Amino acid sequence: MAMTGVLRPGHAQMRVLDLEESIKFYSDVVGLVETGRDAQGRVYFKAWDERDHNSFIIRQADKPGLDFFSFKVDSHATLLKFDADLQAYGIKTERIPAGELLETGERVRFMIPTGHQIELYAEKTDVGNGQPYTNPEAWIPEAEHGIAPVRMDHALLYGPDIDGARDILVNVLGFYLVERILLEDGKTDLAVWLSCSTKAHDIAMVRHPEPGKVHHVAFLLDSWEKVLRAADIMSMNRVKIDIGPTRHGVTRGTTIYAFDPSGNRFETFSGGYSSYPDWHPITWTIDDVGRGIFYHDRALNDAFLTVVT
Amino acid sequence: MAMTGVLRPGHAQMRVLDLEESIKFYSDVVGLVETGRDAQGRVYFKAWDERDHNSFIIRQADKPGLDFFSFKVDSHATLLKFDADLQAYGIKTERIPAGELLETGERVRFMIPTGHQIELYAEKTDVGNGQPYTNPEAWIPEAEHGIAPVRMDHALLYGPDIDGARDILVNVLGFYLVERILLEDGKTDLAVWLSCSTKAHDIAMVRHPEPGKVHHVAFLLDSWEKVLRAADIMSMNRVKIDIGPTRHGVTRGTTIYAFDPSGNRFETFSGGYSSYPDWHPITWTIDDVGRGIFYHDRALNDAFLTVVT
Amino acid sequence: MAMTGVLRPGHAQMRVLDLEESIKFYSDVVGLVETGRDAQGRVYFKAWDERDHNSFIIRQADKPGLDFFSFKVDSHATLLKFDADLQAYGIKTERIPAGELLETGERVRFMIPTGHQIELYAEKTDVGNGQPYTNPEAWIPEAEHGIAPVRMDHALLYGPDIDGARDILVNVLGFYLVERILLEDGKTDLAVWLSCSTKAHDIAMVRHPEPGKVHHVAFLLDSWEKVLRAADIMSMNRVKIDIGPTRHGVTRGTTIYAFDPSGNRFETFSGGYSSYPDWHPITWTIDDVGRGIFYHDRALNDAFLTVVT
Amino acid sequence: MAMTGVLRPGHAQMRVLDLEESIKFYSDVVGLVETGRDAQGRVYFKAWDERDHNSFIIRQADKPGLDFFSFKVDSHATLLKFDADLQAYGIKTERIPAGELLETGERVRFMIPTGHQIELYAEKTDVGNGQPYTNPEAWIPEAEHGIAPVRMDHALLYGPDIDGARDILVNVLGFYLVERILLEDGKTDLAVWLSCSTKAHDIAMVRHPEPGKVHHVAFLLDSWEKVLRAADIMSMNRVKIDIGPTRHGVTRGTTIYAFDPSGNRFETFSGGYSSYPDWHPITWTIDDVGRGIFYHDRALNDAFLTVVT
């Protein structure tokens, strides 16, 4: 009861064009903590204040993009129940054995109608956040190494059937709708923001012709001042900033979008409101979409609807 | 699934010595929004960014203190189930009819072994946060009237049997333990922080000989800069500050404790980490309790263990 | 000794196209305090934390722009000395009698080679900042009415002979060079930032073919969080934002550029370093001018070199 | 003209009980940059954003305290003029040859009637702030090593004849009075804050029976969030905090007072208003002194008037 079922985004696996350059980028610029490498050549990271072994995994590939995005559930029993529920819904699922990802239990993988591989799992080794569980300090030096987000927070996926994907996330996995943008017809969703918690978004989706695309994976910062610090660090490292620092109308978070060396967009953001499942969803109409996405400029930039990996 | 059962602290009803003075205090200094008065003479408030009709209720009485602290649950069915579960556990419950509190549905009331009246309810009228649900702005002028917290957040209760109370909250209502302080024996809890969400605390309890006492009700602010602004506003209004601005070691939130005109302590705080039910609880030993409570001073002040209402 | 001669920017007089709309804009959006109107129809404002009667004056005209920008000097004797020094330098000066501007003493007006009217004066009535000079509070409610800058801070002027203008400001009036941008030839200044205090800029100039143009008048905010608040207020009032929130490389200040209803650009900014006259000036080369002006985007936007009034 | 004569506090030399422990403390906890050691065993530091070679010097001694506090003047000619003016005023001065302090020119030393050695000098080697003077970045990694203030900012001296000391600072050296606290008689100053710039204080003095005592040397931080970070770092390093984070009523700065390992108090603070010599001084009466010193608590703590070194 209370927090059950799907708990949170657990890990994202991304493709990068140059592994060494990307390891350096995610370690020293984004400021994630490297926690391991596996026999497949994948490199594992966590944000400093996360406790589970990994939340962000990169592998070398010819094209950038997202391999899969995964949620942690509260128990193995819940994992099995979700697997059954998904199959009952008509979705083909795949079991990936424990250990295929370092320090991670069995995963249930399935494709949602936006063309993205989604995973559920119940176990990942608790490696702590660098502080003991008895009498800890408030933070550690790693909290200031690079941008140093506190957690991998959510992803914004682009793909065709966001209605179908939303139905699975809401009706099978227990997410709820927090905000939406409606197209000109006033009925069809251009975009939806969904939560499995009190976060304003644990996952979001934009309607897009090509399946399986990712707009960004987002990392949480503690304050608007940390957003400024992130922008400074990006500039010092000549990181290509897409937009920001600014605020989103949707979720009210303050944000920067920027690109990793492979062209994958990532977000470093702070704030936004806490949401609850009994709350009425917020709707943005297409004529105000600019303000919904970029609250200060009140206009989409060219890249928002077109640049995805 | 995901967020189910008990959603959040819903309302606290407090006793004040002088109603008019307290209305002015909670309206203009704390910066809550008055939303109604009832035939019993009670005055209802909400924080500006809350959507339900009320979260903080005051009534005139001879002694200050807390009448009851209540949680919203996700549905009427859940309310009925919790009522049955509580009774099955051996707790006497009381049904309070819808409407007894303004714009609030039926409540299930029961006493926990710390001597506090706790309530559950499933319905409270959505009056919004002053913005429309279509194309809203990021905030409203009320967000700067007085201290202007975004929500009533949690309470810290003082009473004798915190073990018994915790057992009910955890095993019947689905809360989980986030942090604890152990007494000299290394086994007995001096204090526990419990969550029904991803908040580091939705309720907390300190072991105390007298039953039914309240240390503080807490209101959430958006940033450390808002904590400074709150302290400034307190000083301008000659509000008695107990301690702060400072940081808690427990939850890592930044905080001020202060007293309302009746001597009820309240907290205005910001930040702290997000917690999850799969996380290992953090333990503070008694020799480090000072740093746990007041991270910078690293010592309890005289009032912490003694001044309650 | 110490702080002598020219003390600070004192007042700017701007032309607006619609006086009533502009009064509303500067009162309620920018959040200046109106302090008077004169027989010529001019409207006078000050920032809340300024003590002198006015710092920003608007008048209705057919074209937007800056009438004059004025500095307060430390005494009438200094005013007379500067008048003589300017004339000795070969500059024609004009004496404008006390009272021509409300609550303002005699002014010495002269044109600098960028085509701007500059004034010096020694007296302006102290009306206070809303707090008494005995036992004041830290701030007043006006500090949160609109954007509510703490002071009118500086101006950026565009005109042809910035070398000649700089020579007068430095060698007659005692300013010193803080930062500069060099053109492709590595010798000619595209822009200079000058200080008469420990501010990183009390006035700045950009080389531009048309004389007498103004890029922006700037208002100081207390923090980066206030910069966010300013951007939010701009958006809520549908103010056209040129760029920001962002950081300047030059001065390191955090900033927003936006336009008033007449098309006059204004800046709301915070921070930046304190400078001293014994410090070595900082130079930006033309290949890095983008980062110098907009530290995060590292590119000028279209408006920077072209849109002036 | 403009900024002339005395520019700013230049260096403070302090006595510490254990040099090695203090080097570690000022390097790693306060986060100053060590810039040299001399034959006398003195260790030199600067704040990261200062450009002159040193601003804080420590030497081992039997008792903690301040050896001397020094101001940089704008030129050697000014130094000579001040020396003559001081002697003409009746003060005995001493010339200390260039090089006696590392990378520092000739100094003029004299005692003010509070019993403190004050120095003036015109030259100290510019070693930069770690960034080039062409196309610099906004900050450097050292800006996050330890508390990492941006500059040594001012000192608060305790001694008997603050009237006599003020007269010299104001009438010979060109300082001006910014704020004062009056004793019960409504005439005698308990404390005065003086500026030689637009800072709200470059030096302050409290009336105290013992001569030559120091209450604190202060280091400037960029924001209230950096004040929190400073308090966290102090706690992590078990530094004894005297008070804070809080705000001063005087100057309006936000602050922490803490003690170095030798018992010397230091301040890390941010903000406060900018002052000008034409501004009316602010007066605090003795009945409101608590709020003047500690704006939130509105009461002096025990240490304020008694603990000095």
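Going in written order, the chains are labelled A, B, C and D, and every chain counts its residues from 1.
The criterion applied here is as follows: a residue touches a chain if its C-beta (ideal position, glycine included) is under 8 Å from a C-beta of that chain, and two chains touch if they have at least 3 such contacts.
Worth saying up front: this structure is predicted, and the values here are computed from it rather than measured.
Asks: Report back the single chain whose CA centre is most distant from the CA centre of chain C.
Replies: Most remote chain from chain C, centroid-wise, comes out as B.
Asks: Suppose you list every residue number at the chain B-chain C interface; are over half of them used by both chains (same) or under half (different)?
Replies: same
Asks: Just the number, please: Cα centre separation of chain B and chain C in whole Å.
Replies: Averaging C-alpha atoms per chain gives centres 48 Å apart.
Asks: Can you check how far apart chain A and chain B are, centre to centre, with Cα atoms defining each centre and the answer in Å?
Replies: 31
Asks: Provide the C-alpha centroid distance between chain A and chain C, rounded to the nearest whole angstrom.
Replies: So the centroids are 43 Å from each other.
Asks: Give the residues of chain B that touch two or more other chains, as numbers and ranges in rising order.
Replies: Chain B, residues with two or more chain partners: 138-139, 223-225, 232, 235, 247, 291, 295.
Asks: Using the contact definition from the top, classify how the chains connect: line, ring, star, complete or other.
Replies: Shape = complete; every chain linked to every other.
Asks: Going by the contact rule set out above, which residues of chain D touch chain B in the complex?
Replies: Residues 224-225, 228, 231-232, 234-235, 238, 241, 244-247, 254, 256, 291, 295-298.
Asks: What does chain A use to touch chain D in their complex?
Replies: 137-139, 144, 223, 225, 232, 235-236
Asks: Taking the complex as given, what residues does chain B use to touch chain A?
Replies: My answer: residues 1-8, 49, 51, 72, 74, 126, 133-136, 138-139, 150-151, 173-176, 195-199, 222-224, 247, 249, 252, 271, 273-274, 276-285, 288, 291-292, 295.
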